[in-house]
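Letters A, B, C, D and E name the chains as they come in the text, with residue numbers starting at 1 for each one.
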Amino acid sequence: MNEKKPTSILYLDGVSVSFDGFKALNSLSFVVEPGELRAIIGPNGAGKTTMMDIITGKTRPDEGEVFFNGEVDLTKKDEAEIAELGIGRKFQKPTVFESHTVWDNLELALNRKRGVFATLFYRLSVEDKARIEEILETIRLTGRKDDVAANLSHGQKQWLEIGMLLAQEPKLLLVDEPVAGMTDAETAETAILLKQIAKTRSVVVVEHDMGFIRDLGVKVTCLAEGSVLAEGSIDFVSNDQKVIENYLGR
Amino acid sequence: MLIRFITLIFLLLSITTPSLAQSDPKALIDQLGKASFKQAEELIGQIAATGDPRVVPALNAFGEGDLYARKSDGAVFITKAAGANFALIDPLTGETAGEAPKSAFTKIKVNNNLRRAIRSALGGLTLLSPDRAVRLAAAQAVLQSPSAENLELVEAALAKETDAEVKTRMEEARAVSVLASDRSADEKRAAIKTVASLGGREAIGILMSVSSTIDGSLRPDLDSAISGIEGQLLLWDAGQNVWYGISLGSVLLLAAIGLAITFGVMGIINMAHGEMVMIGAYSTFVVQQVIRTNYPGLFDWSLAIALPVAFLITAAVGLVIERGVIRFLYGRPLETLLATWGISLILQQAIRTIFGPTNQEVGNPSWMSGSFALGGMTITWNRLWIVLFSLTIFFALLTLMKRSSFGLQMRAVTQNRRMASSMGIRTPLVDAFTFALGSGIAGIAGVALSQIDNVSPNLGQSYIIDSFMVVVFGGVGNLWGTLVGALSLGVLNKFLEPSVGAVLGKILVLVLIILFIQKRPRGLFALKGRAVEA
Amino acid sequence: MSELVVDNINLHYGAAQALRGVSLVAPMGKITCVLGRNGVGKSSLLRAITGQHPASAGEIRFAEKTMNGMAPYQRAKLGVGYVPQGREIFPLLTVKENLETGYAPLVRKDRFIPDDIFSLFPVLQSMLGRRGGDLSGGQQQQLAIGRALVMRPRLLVLDEPTEGIQPSIIKDIGRAIRYLRDSTGMAILLVEQYLDFCRELADYVYIMDRGEIVHEGAAETLDSADVRRHLTV
Amino acid sequence: ADDTIKVGVLHSLSGTMAISETTLKDAMLMLVEEQNKKGGVLGKKLEAVVVDPASDWPLFAEKARELIEKDKVAAVFGCWTSSSRKSVLPVFEELNSILFYPVQYEGEESSRNIFYTGAAPNQQAIPAVDYLANEEGVERWVLAGTDYVYPQTTNKILKAYLMSKGVKEEDIMINYTPFAHSDWQTIVSDIKKFGSAGKKTAVVSTINGDANVPFYKELANQGIKAEDIPVVAFSVGEEELAGLDTAPLVGHLAAWNYFQSVDADVNAEFIKTWHAFTKNDKRVTNDPMEAAYIGFNAWVKAVEAAGTTDTDAVLDSIIGVSVPNLSGGTSTVMPNHHITKPVLIGEIQADGQFEVVQETPAVVGDEWSDYLPDSKDLISDWRKPMSCGNFNVASGKCGGKGS
Amino acid sequence: MIAGFILRALEGKIVIAVGILVAFALLIPALNLLTAPGNPLHVPTYIMSLLGKYLCYALLALALDLVWGYCGILSLGHGAFFALGGYAMGMYLMRQIGSRGVYGDPILPDFMVFLNWKELPWFWYGMDVFPVAMAMVLIVPGLLAFVFGWFAFRSRVNGVYLSIITQAMTYALMLAFFRNDMGFGGNNGLTDYKEILGFSVQADGTRAVLFSLSALFLAVCLVIASAITRSKFGKVLVGVRDAESRVRFLGYRVENIKLFTFTVSAMMAGIAGALFVPQVGIINPGEFAPANSIEVVVWTAVGGRGTLIGPIIGAILVNVGKSYFTGAFPDLWLFALGGLFIGVTLFLPKGIVGTIQQRHAARRDRKAADDATNHDKVSDAALPLEQAAE
């Protein structure tokens, strides 16, 4: 395990966290290689979202190591620093800036200097504008770019959040249940989109939609009760007895 | 019994016979009419020296300010008001002497000095009273105003005393008098011991007062006695401080607890909370007013009657406010600040218009007055009741919130009003009742606070900041936080106050709150976890 | 008939119109499914039915009563149970208390939590004392469904109930919905994106597009290409 | 219009000070009404212009300006706190108008445009202390006050005075509390402690306003009787006592220049008018009302003498004007813009009134205290040719110690 | 870069507002100084100083709106910054009195003399030099805000907790300044000023200049505020207000953003205080009273928080009302004022300006919607009301 630390983009070893005595993560170890697209499944309450909370600095682990790019100790950083390092996240419950327009949401997410003075004197350049328009196309919200995000439907907010993630251009994307509330066709499209992104960066995606996971066709990790239950190809994992019992059902 | 009484009289006469010849009490009393304060003081001494028990009522009346001199002839009477007239009582015989218009008399003025002299004189005169309670009070009086003149009286009375408690008190009174007299050093040494055994501030006061006149050889005894008492007091002082802190805390708790509902639970930045407290206090005033004029006998019950009245009135006001204004503001918590600020201005001015701008008198029923000693601590009854009262309210409310289905609905509605409605909860009703409850509780807090603070239109303003401070310091939405927050702020305040003074103490408390919030950004009893961040 | 009848309703958000002349019927003892892409107005339809948002025209009837103008709690009293999109559990109430909020429209003797709920969602049983907001997304979704069932509704309105739930439990939910339909004869109105789930369960389906019903028919009709067109981008 | 003479009434009717000041507004309205019954001034009716500066000090300045500039009032009666007076002082000087200030204060001020009809420290505090020392044999002193300028200054003066009389430093305890302090447990018990040193002890209270009620309640509850530790107060009058059950407080003292209980015909008349005016025969009268009464009458007399309401003329004619005060004597406006008044010491009675236990002859208000080192050389005389509020007798110059 | 930053600020409404303010700055003093008192166009000095005072309040409200309306920090202690700026100015003015004080002490202000102070406390040094004093007007409030914000924002103190500690801050300052020992004149404060930069503070000319300065500073701060809020930084601010943690996950340093805004706002408040003091002639601890700070919040809410013109209008409107009512209905004016506040919340939920803007936007939307779907049934006009009732 330890030898993977320098080369991996994300490295978790022996991470545990508990809330009021309940162990949400139990000595979880888990590695993502650069350029990898990794799918994570697991029963409700397995700790998938908690794991993302740990990586993004929202929750501090009780014990264990979390390293980014082999060298950066994420447990010592706060959310903004981690985001600046290049870790982007889409939340399970879509969170966007409700009183901003779709456009502004993307503009804020755009990967530009984020200091006080940089933002004060920022001017929208031509390429930034093009980039936003491109993203709008991708998430099919061009027509609604001037609407405030509060007025979007649930699924549209999901899309907007994905768009913000794209705008952020992170090195590592953490995507929590991206296709919840999407139609089958959209689901398929999202899979294509993620695979495309994964060509240039690393992606960790959590989902319960097995069809979608299958579409991704990548290595799957199944978590349960805060630690890894099974890992391997989709066929391998979905035939694992424990996974069937705990997760897929008969 | 009878025999004893006779012997007492006899004894009394035998002691005081020599002075009896010197003066006639009636004449002395009549002289009071024209005397200056200084002369009156001497006269009191002479009247007491007559040793005639018949002067007791006259002296009592003098102390109470009921002794008047007739303008026409200077004759002195004890008076009782009877309309525009005085009912006259002969000062010596106690016989009624008809009525006469008030204007025909001048009051014989009394001041603190004279009252003190009277107290001491009465103490001496009543030491042999057949009534046990009177004797006890007399011994107490002698104890409080030591004078060498009383020494022989005390000793005589002591010799006859059979009641154990009165006896100890008299022993102490004797010791005090011995110290003031010119008795021998040995006797005084013993007296110092007795006084020291009394303990407490008073003992120190007595010992200190003789320290300047006492014989040099007794000085070490005196000093060690004083420092001994002081040592004991030190511990009690700490206890006393804690008690002060708790009682201050309970006042804060009372003031804040209604706010813990309207603000803590409902999320309304309720600037009119203080006015609810004020209305509660005014309700008490009105209730007392009605009782005073119509049923004076019920006065001791006035608070018990005021509680439900205040609750209903303030709850009704709260209900009107909720239905009329607040309900349009759910989901816009910041706007509630603006509206309730407006409401508070209106309520203040309304009260000012109705009752006038000045303080109103709210009396303390007898069971709320005075104090008792607990070891070396003094505990005032009103504070004790307020502590108990605030805790009672607190736990009642806690039970309501946590155990009743209304409490559950209340919390559900405030967390997600739309969804609560879809769960079949009658949200408008729950909202209205919750706000009314919070207001009503503020109202009964007002009843209690009327006992220690002034009842004026500004009453609410003086509590609103502290109330918010307590609720926030304890952690919004957590009733236990409000309790612990209030008590700890109270105790903290009282521990700072003696060393840095009240003003700096208050400033320091504020600064400490600011610093504390840095450590715990969500208050003392912070809610943690996803549930809050979401 | 005491079924749910939605008759030609419109719904506006401010100036924007989200529903245009939508009509549907959800009979008792049947599962009626509404499908459609993102933002076509499915949730809006359910909001109109549960009273979360007023319909600006048309009529909604249930149990022979016109529900327009009724507050949500009055509809709940009529037997409308609602599982909203986005869970909307009470974050600071414990799981148990969340379930107990369903007691409000019930008479005293019914105020208990049916065992079925715990056998359907065992995780709730083990987490009764935990605050609702601390649960994981899927657990919250299970709680939201359980909470609606406590009310013993006669019309159960579910907005994407399978969102974020693990596959095994989705299957259980499917079974449970069918069981509820058969055992209690309640009307079930289900909004879903998950086509397979829908196809398996539904007795009748409606498809929406841009605030309008564009197709209705038996579940089998879903497979025609014509219908599929409405669901692709 | 020109057929009336306007006078301004500048008292807070809302906010924290309303509790005290509203009464003065009512008193002023009554005085104006009475004067009009007598035919007004210079043959014209008086008209009171009432504004509410709302206990907000900058608003006092604004309202003063409004009264003078917009309403063109001939004189203003108003203010209670020193801060409000300080706030309006420059306005009156700039616009050359007249303010009558009816409340006891710390002294250390003399403005050409202000008349101080309340007591200066020497007209209240010092006689009170003398009384306690002489009549009650007090040797140990607690100076308790609210933490602001009036108590601080008064206590400074008192301390200097007491020490000049041979009181030792350790026999003086000074204690300050914040405004509207309501928890007096610790302080009252400290007083008790301080009083148990075997020497006769008294409390000199400059505790302000609302804080008094809880203070006295605590005193009563902790059983501090006037016979043991008397409290003499300078801010507690009949009005404050109206909010209290006074039975346990009998014997505590206050020093004022007037009490409602004063036995004088003018006073009886005044009280009758007051009750009729307010239609409430429970309304009490108090010392600032008397001060307002004196100020108002002095102004009327000065205007009549000058034949005009013109400020400069009135300023000239008013000095030396004597008007009856309510305790049966007369008060004279002195060249230093303070007035002469007797000092009365009263003891609280069970009925909420005071009983006078001592009365001094009229005392001249001393604007610059003799017990403050920088003030003792200053005097004030607004008559020509001196016309100076801070004449330094040591240097013989106007303008303080410097220049 | 800076030019672009400022230019962006000058959107339609702001230009108009700035224009009005500049016109005010020129016109009112002109009407005061150049016309005779009898002239119908004459603006009495009294009215001019009153207007000047309102402008200072407006600037204070604007400062608060920047942190509250845009950044979501409900400061209940902004009066403290205002008062500190005022005290800095007051100290300068006190020192200018020199030996004209009643005791004639060339150095010590009167209140120090009669309280027997022997020398000037250190923090009074240099306050007689105008540039130093003016620097203090900015530095003291700015520094306090910076230090306070540094700790609070880093510890992620939020929402009501932040509001209450700002309130505790101003309350503590009030108690401290009440104390005579602090060396700021106790409750009487600093008053009886004589001159500023050698000009008599009571001269009409000086007052006119002070008035103009108030209007101009308000205009300048309005432009700055507008530039800030219309920049990307402004959008981040609103993001912080609505979803603070989301902003963090995008990589923005929320604490720096807040700290910057809070400090800038405190400095604006300080300027407002400094302009206020010579015009009203007094500064005392009453300005620190928590109720005063709450009032500022109320003005802002009345005008419309989250808009720039709103707080200005709100502050002026409420204070004009207060000035008028306290004179016209001294016994009843609180009813009127309280009623105004309640009325505004109920009928103008976003404040005066906010509601107007919203109506405007709604009308535009509806028009757009109608245009787009004019074949559709006409939508129900009663809807917005219905929504508001929920």
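Here are some notes:
As a working rule, a contact is a pair of C-beta atoms (placed from the backbone, for glycine too) under 8 Å apart; a residue touches a chain by one contact, two chains touch by 3 or more.
Chain labels with UniProt names: A = Urea transport system ATP-binding protein; B = Amino acid/amide ABC transporter membrane protein 1 (HAAT family); C = Amino acid/amide ABC transporter ATP-binding protein 2 (HAAT family); E = Amino acid/amide ABC transporter membrane protein 2 (HAAT family).
Owing to the predicted nature of the structure, the values given are computational and were not obtained by experimental measurement.
Central chain assignment: E. Criterion: smallest distance from chain C-alpha mean to the mean of all protein C-alpha atoms.
Relative to subunit E, the chain whose mean Cα position lies farthest away is C.
With centres taken as mean Cα positions, subunit C sits 63 Å from subunit B. Annotation: 29 Å between the Cα-based centres of subunit B and subunit D.
Put simply, the C-alpha centre of subunit C and that of subunit E have 51 angstrom between them. Those residues of subunit E in touch with two or more other chains are numbered 175, 178-179, 245, 331, 334. Multi-chain contact residues of subunit C (touching two or more other chains): 16, 134. Across the assembly, subunit B contributes 348-349, 461, 503, 506, 529, 534 as residues in contact with two or more other chains.
Every residue of subunit A that touches subunit C in the complex is listed here, in rising order: 19, 22, 42-46, 48-50, 92-93, 140, 151-156, 158-159, 177, 180-186, 189, 208-210, 246-250.
If you check the complex, the residues on subunit D that touch subunit B are 13-16, 18-19, 22-23, 135-137, 147, 175-178, 180-183, 185-187, 189-190, 192-193, 195-199, 210, 212-214, 217-218, 220-223, 226-228, 230, 239-240, 242-245, 248, 250-251, 253, 347, 349-350, 355, 357. Chain contact summary for the complex, subunit C toward subunit B: residues 50-52, 71-73, 75-77, 80, 82, 84, 88-93, 97, 100-106, 131-134, 147, 151. Within the complex formed with subunit E, the residues of subunit C that make contact are 10, 12, 14-17, 20, 54, 56-57. Residues of subunit A that touch subunit E in their complex: 56, 58, 78-80, 83-84, 88-89, 95-100, 104, 107-109, 114-116, 119-123, 164, 168.
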